[in-house]
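I'd like to ask some things about the structure below.
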């Protein structure tokens, strides 16, 4: 992963910030399991598994906290 | 998801903030599983599963932290 | 849920804040599973399940962080 | 639970703060399962269950964050 | 546990802070299961269980947040 | 682990900060299970287990919160 995939945490809107939180969540999976074919197989399983989907939502929520704080909650 | 579903994190009251936290929690599931029919099937399962409901409450709690901080806890 | 159940996050004491955290935790379950009879059935199960009780305590702890911060930790 | 069990979040030392975090963690269980006999039965199970013990440690860690922040990390 | 095991949260370096976070994580297990023989038996199980190890890492991460904040992230 | 593996929490970019969060997450596993052969065996299992991968992502997300705050979100 020599390429730049996370240049900064600032986004224009909360919605873009949420999308960045999703990206951050997926990055950890990609770093731990670098084989795209295996990730695709796993995805076919967990996207139909309620507990896995909720666990994914928990990761996104934690990353959204970080992105939202970085953007000062888009208050200004 | 080209439409705007998260214009900002500010709400008038804590209760509206809580509702936004619920919306944020569901957004992650919707982004990961984009098929509404599959989501409905999963929902029929997890809404009767105590552990899944508690896990959902954990996600909402994390998102509510973010929304509450964004609103400066509706102190003013 | 048109009624007002969360007018604000301020409480007089930490203990009242803790009770509010419990209320916030239950609200997510109530919003996800709106049928009180189903909730009662589930409660009969999870209140005798150690893992579910600990998971509930985790949700309360997260919500208590929010309430405590909102009240500036009842320092003043 | 009409008695006062949480008068404030301030403690003299980090160690007392950690003990308060343990107390906060147990309070959620006590509020959800008010029957002491059932709690004792459950305790006999989870205190020998590695996953339950680790889940308990997670709750204590979250509550310790709150108590430590309330005490300004006992810096002064 | 009458002895002093947590005199303060300040450490000289991030790495010592991380070690303190590990210590805090183990303290909750020790307080909940005070029998060292039982803890040793459990440890033999969970140190070979991927999910338990990841759950342990989650607890350490939460405690490291607290220690890092207490030390102002060792910025100065 | 007498060597220095965590000299500080500052990084030049968010991406390097994310890599540090991954490193912090693995450190807890390494400290709990010090045998590299056992860790390799476990890794072969969990890198093909969707729930374990998501749990790993949760740990990274928590550690990234800490690193991001330490770096003041790389705002300056």
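Just so it is clear, A, B, C, D, E and F label the chains in written order, and each chain counts residues from 1 on its own.
We adopt the following convention: a residue touches a chain if its C-beta (ideal position, glycine included) is under 8 Å from a C-beta of that chain, and two chains touch if they have at least 3 such contacts.
All values derive from a computational prediction rather than experimental measurement.
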Touching both subunit A and subunit D (chains): none
Graph separation of subunit E and subunit F (steps between touching chains): 1
Furthest chain, CA centroid comparison against subunit C: F
Turn needed to bring subunit C onto subunit D - CA fit, degrees, nearest 5: 60
Taking each chain's C-alpha mean as its centre, the one farthest from subunit B: E
Cα-centroid distance, subunit C relative to subunit F, in whole angstrom: 31
For subunit A paired with subunit B, centre-to-centre distance based on mean C-alpha positions, whole Å: 16
Cα-centroid distance, subunit B relative to subunit F, in whole angstrom: 27
Interface hub residues of subunit A, defined as touching at least two other chains: 49, 51, 55-56, 58, 62, 65, 69
Category of the chain touch graph - line, ring, star, complete, other: ring
Order of the ring members, counted from subunit A so that subunit F is second: A, F, E, D, C, B
Contact footprint of subunit E on subunit F as seen in their complex: 4-10, 24-29, 31-33, 38, 42-43, 45-46, 49, 51-52, 55-56, 58-59, 62-63, 65-66, 69-70
For the subunit D and subunit E complex, residues of the former touching the latter: 13-15, 18, 22, 47-51, 53-58, 60-62, 64-65, 68-69, 73-75
